[in-house]
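The same subunit A turns up in both complexes below, where it pairs with subunit B and then with subunit C.
Then we have the complex of A and B:
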């Protein structure tokens, strides 16, 4: 068996086990309605985690994404309020901006040989600040097209609704899977995570790949921002503080090695759903404080870090 | 000629690493490149593969001058390299490693089956039966090494440079690798082979080129040279006409108060060996680079924990699990590469000297400033360390003085057993003599010392007995009148068969 896939199997097993526990206690949890809501409620997190997975497998980190989501919401809301642009045009403009923003961070990481942590930390402050420059208030979005998007869904068997937002997330994950596992770019991402010096010796265009990785993360953060603005019908510069950390947690729980070089896009989807499941359980229970979500996620993270360390030992002794 | 260099010269600040080296590689031959540390082997390789830019001279590929600026360009010209540390990505699959950069695609998507088929095709003829879909790390270093060769041959296809490819392989894996190399030779590749293992060099090579101090010394067909001639060429000395005069004082200690190492060793690094260290004794250790000298010292000091055997002294077992317990037991070790393992360049002479003593005492009980000052000044005077004052950063001193600071550091802990790995490398003649004199002084006070050195005269001058290490084994021990450069050289060079009889 492929030892690198073990964390993925562990993730899937834990998710199924958790779902089983939920089902035994609340049989209603096993319905497409709950699944549909799980996808919708975690759509923006799942989308941003797709970008984060690529970044982390390459051995990097992107701390800017939470701020970029908030900036996106504000940007959309303000532009729709101030101009007569159609939302789709605003979306295109926004995605171009966030993609370029990510590409610029990737370029700095490569050209200045700076740690991604510092560069994207600067990006985090910049994006948050740019959001404040546009407005300091929560700006409601009131547009007919938004209502159409919110109402759009596909009725699954069992009356569950796969909304446009949930569908966008699933599509993003599939796109991420293709990109990571079926393109030269994806192989280069793994190569960078395995060792930058060796990757360069083997002919990987390290600079171009780094720029593309962070550009992709910026694109996904912009898309997550659009989804989040549809989900909340507003733009608020103080929104989604700390979402970058949730995304990192989802990626790690999804079985991706935080040091890079190893992981699967599908695992990230399971990681996001596991985190969502915990929240859903707490809602169903009704008596538990929502802080329990954080405690369980913390425990899960710790478990996965230990699991990865154990696997590393296993590989070394091999 | 497939690949030649003409008067290749490369200098670094302070040293001439390559001095007008001319070298020829024919198609269909395995050409060994030999020399001790600093001989210029790796500089030559790096010039050939584009990692370094030469100062002057020509590199000719099939008679045409070439100017590789990077490994990739060298590869495009036809020169591929496989290093000791496998230069592939352990986290990717075998197939991905082989095909990285030229995966078969359709509409921008990698075709997994075609990739695997291509990988299998690249591996055909190497005698490997492995699943190319598994991560590279799930296979042994030998297999990884062959995969690296397969990639290099596929991408460059004319010249293959093997830089210490067998360093971490066992005997069976070496044969596996050599089978591959022989096949490639038949296919007409020119192969440059670098290894410290002379048996392997003689087994696989057609020609030998010896470098020393950046100069080309000799090139011979392998069949025309024997081990003795080869080692003489590498070390750059003729057999001594007469034995150097030795008048060593008698060892004061008895075997009763000795430190006895029985069967200590470490699998893959140094075969188990016995060693009895008496008080006031200097033991020399001789052998070629990579023969297991440093590995022995690391085991003796606990830097690499022994996986067998016992260590005892007069008062019972000695704990040598790690350097910390070794220091507590009164051991000290001045390693070979003082720049990376020894001095801390930014700290002052005083701070470097008290470092080991302070570490032994524990940081909770600092040595008083005045006491530090006194000790530093004492050692600066005793060892004649040339420094304006004790507060000068050690990095600013010359090599010989840095070496003396390290000696002072360990002497300050007043050890009973001091291990010196190449104590005189890279220092001038004056400092050299002073360090040898110092060794005699401390031994007279009852300290025991193990000296590892490539300089045979030096070993003969200071040692009571000399242990010869070869191919990761202690192969012989010379005592009394047998301790001479001549006998040491013979012991280093002795072919495998006679030595096994001697054991």
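Then we have the complex of A and C:
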């Protein structure tokens, strides 16, 4: 059995077990409604976690994504309010900006040999500040195209809705899986996560790969920003504070090694759904404080870190 | 044997009927950012318990995405009704439409949304202008035609309670030419700023001798100002009349001690009227008004302030 895939199996087992426990207590949990909600409500988190998975497997971290989501929402809302541009044109412009923003951070990380933590922390403040520069209020988005997007869903049997947002997240995960497991770029990402020196020896263009990794994360954060703006139909500079940490947690719960070099994109999807499941359970129960979400996620994180340490030791002893 | 079986099945049946009768209502609260909101949560839970309602509570931690997700989960769960105190006004259309399609009535508490009124059953809230008016009308009757120079402690500049409570008070005293607002500044809704601004008022107005009454947009500022008046060597409640809004426990202590004169209640019991409206709706489909205004009750020293303090101190203010 592949030892590297053990955390992924553990993640899937925990998710299924948790779902079973939820189902036994609340049979309504196993409805297409809940499944549709899990996908829709966590769409922005899932999309941003796809980018974060690539970054973490390469041994880096991207703290800017939460702020980039908030900036994206404000940027879209203000541009739609001030100009007559079509939302699709605004989306294209936004994705170009966030991708360039990510690429610039990647470039700085490589050229200045700075820790990603510091560079993306600066990016986090920068993006949040830029959002505040545009507006300090919650700006509603009132556009016919937004309504069309909100109403775009496939009604599953049992009245569950597979929304455009949920579909976008699933598509992003599939895209991430292909990128990570089936392309040269993906191989380079894993190689980089195994250690920069070895990656160089293997002939990986380290600089180009680093820039691409953070550009991809920026692109995903921008896409998550679009999805979030459709979800709330507003742009608010104070939104999604700390979402970067939720994304990191989802990636780690998904079985990716925080030190890089090992992990699966599919695990991240399960990680996101597990976090969503905990939140749903707490609402269904209705008596627990919603802060239990954080406590359970903290416990899960700790468990996975211990699991990874144990596996690492197992591998070394072989 | 047969008899026992029959009895058992009757018992099971009646138990089933009892469970079906108990309503499940989901309540999505903004968070617990202020004492008033914590009290609203406590009162809602107490009201639900008294009526035998199975309340599912979800704290959104000030985040709209949590609140939308909670509403969706309530719908998936098939609750009988949903109460929501929306954190912002925008972005509720699609989730409210889902609730409407599932035929789950939604009642807004304390804050409004910018969606179409067709999407919710009713909204329960207080009228901020009315609160100010009640305070103003009290002062008119209290001074009874005598000359009165009023100083005003405003809430946070530009906030809707500050604007509306000022407007309401001015409406309340509009007919009385003997009452005049001579100074008005912001005390930011806080105790410390209330005290500081009151100190400057006292210095500017001849040590306080020229001030007849203080109107504060909330109780916290009034409590701070009372401290300033005492430090200036005057008697709050006698030398300077004190009227404010909110009815938090601390102002009742001041009322009991004779240091404040009146407060207008912003009731944390938004859930009571909401449950009443839902009960009537479920019983025979009575459609309530689209906006249910809560009572803005006036409390003075004559209204057993010590007892009111005891009743409120454990609500989480």
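Of note:
Note that in this section the second predicted complex is superposed on the first by the 318 of 318 C-alpha atoms of A that agree within 3 Å, B and C clash if a C-alpha of one lies under 4 Å from a C-alpha of the other, contacts with A are read in each partner's own complex, and residues count from 1 in each chain.
We adopt the following convention: contacts are C-beta pairs under 8 Å (C-beta built on N, C-alpha and C of every residue); 3 or more make two chains touch, one makes a residue touch a chain.
Just so it is clear, the structure is predicted and the values come from calculations on it, not from any experiment.
Three-chain overlay on subunit A, with subunit B and subunit C fitting side by side and no clash. Looking at the superposition, the partner that touches the larger set of subunit A residues, subunit B or subunit C, turns out to be C. When the two complexes are overlaid on their common chain A, residue A:287 makes contact with subunit C while staying clear of subunit B. In the superposition on chain A, A:37 contacts subunit C only, with no contact to subunit B.
On the chain A superposition, the C-alpha centres give an angle at subunit A of 130° between subunit B and subunit C, rounded to a multiple of 10. When the shared chain is aligned, subunit C comes close enough to touch A:150, but subunit B does not. In the overlay built on the shared chain, the residue A:135 is in contact with neither subunit B nor subunit C.
In the superposition on chain A, A:236 makes contact with subunit C only, while subunit B stays out of contact range. Once both structures are overlaid on their shared chain A, subunit B and subunit C have a minimum Cα-Cα separation of 37 Å. Of all residues in subunit B, only 71-72, 75, 87-92, 96-97, 100-101, 103, 105, 108-110, 112, 134-135, 137-138 touch subunit A in the complex they form.
In the complex of the two chains, the subunit A residues touching subunit C come out as 26, 28, 31, 33-34, 37, 40-41, 44, 138, 140, 147, 150-151, 159, 161, 228, 231-234, 236, 239-240, 276, 279-280, 282-287, 289-291. Within the complex, the subunit C residues that touch subunit A are 26, 54-61, 63-66, 68-70, 72-78, 88-91, 93-94, 98, 102, 114.
Contact residues on subunit A toward subunit B in their complex (touch as defined above): 2-4, 178, 182-184, 186-188, 190-191, 193-195, 198-199, 201-204, 261-262, 315, 318.
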